[in-house]
Amino acid sequence: MKNIMKLAFSAISENESFARVAVGAFIAKLDPTMDELTEIKTVVSEAVTNAIIHGYPNEDNGMVKIEAELTDDTVRIMIQDEGVGMSNVEEARQPLYTSKPELERSGMGFTIMENFMDDVEIRSEPMVGTTVRLTKRLSKQKAMCN
Amino acid sequence: MKNIMKLAFSAISENESFARVAVGAFIAKLDPTMDELTEIKTVVSEAVTNAIIHGYPNEDNGMVKIEAELTDDTVRIMIQDEGVGMSNVEEARQPLYTSKPELERSGMGFTIMENFMDDVEIRSEPMVGTTVRLTKRLSKQKAMCN
Amino acid sequence: IGEIQRFLRDDGTVKVSRSIKESANKIRKMKEELTKTLGRVPTVNEIAKSLDMSPEDVVFAQEASRNLTSIHETVYE
């Protein structure tokens, strides 16, 4: 059975941990391990932070959208903004690449997503926005009694 | 400053606690008391359960929508379904009234909402759906030093 | 990469259901303790600060334990 949720929220940094927890709570019913939960919350943070600080650098009314879908043991998450977009996604994906070194960004956001998820797809168009699609299959060796 | 979130999710009872956490985590930044948090989570449960069991009694693909808005110390929450609706909202609001006594419903959902919230508005139309709007002002006597 | 490793916790393979239950117990105890010392019900932030958690995670842990308890009861009892 498929379970879907869609979320949209004001692109302000106070909502970052709300987004982490909302996605975490949605996937909690698959009973992931703490590692898996932490990994998923971390990638959601990275993508949401990117949407807020890179996607909407000068805008106050931007919204970030998240969609998540559970099928069996697979989690699919989409994070989307309608912000400034990127002209060179390949460059942006490089470890350590950041367009905002002055903000002390690490340039590791996309690298973290690639490390923690099974699949990372990025679509972006300047002036249209950015969509990140993340897929992770959860481990099945579940503790049966707790 | 206004902070908004919009949420939509599959109308299945496993999502009830997800909805509680999502709304609870969203309002957490207004720093409610633990009691206010419990009250808000409880009314969200009641309205979401109503949408799932009464709004979509026979449907598998229904979606429940929630919108929440924070301004200063006021929380506004809308819970909406596009389900079967009600022909008599006044009757439905009566304490102990339930159309599903066979499911061991208590008939206290709307009464609980009225008790815990400052304002409860219900709009419903048969075959169109139901929208519940809840408003609560949080107490202000907070510890100032944090 | 050290940054990535910092995200991983030692008890990483523990199921969320168990770990969350422990957090929920700490929250319950902290709520009782703060209610006594403050003479009123604590706020979410007060609990979060004393347990070094985010307020959102307090909400999550508290709820998840409620939920898992009821699953546990229906399945095992």
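Order of writing sets the labels: A, B and C. Residues in every chain begin at 1.
In this section, a residue touches a chain if its C-beta (ideal position, glycine included) is under 8 Å from a C-beta of that chain, and two chains touch if they have at least 3 such contacts.
Since the model is a prediction, treat every value here as computed from it, not as a measurement.
If the chains shown are joined wherever they touch, the resulting network links each chain directly to all the rest. Counted by C-beta pairs in contact, the busier of B-C and A-C is A-C.
One finds 27 Å separating the Cα centroids of chain A and chain B. Once the centre of each chain is set as its mean CA position, chain A and chain C turn out to be 23 Å apart. Under the contact definition stated at the top, the residues of chain C that touch 2 or more other chains are 55-56, 59-60, 63-64, 67. For chain B, residues that reach two or more other chains under the stated contact definition are 17, 21, 25, 28-29. Those residues of chain A lying in contact with chain B across their complex are 1-10, 12, 14-15, 17-18, 21-22, 25-26, 28-29, 63. Residues 31, 38, 40-47, 49, 55-56, 58-60, 63-64, 66-67 of chain C are the ones touching chain B in the complex.
By the touch criterion given at the top, residues 17-18, 20-21, 24-25, 28, 31-35, 37-39, 42, 106, 108, 112, 115-116, 142-143, 146 of chain A touch chain C in their complex.
The touching residues of chain C, counted against chain A in their complex, run 3-4, 7-9, 11-21, 54-57, 59-60, 63-64, 67.
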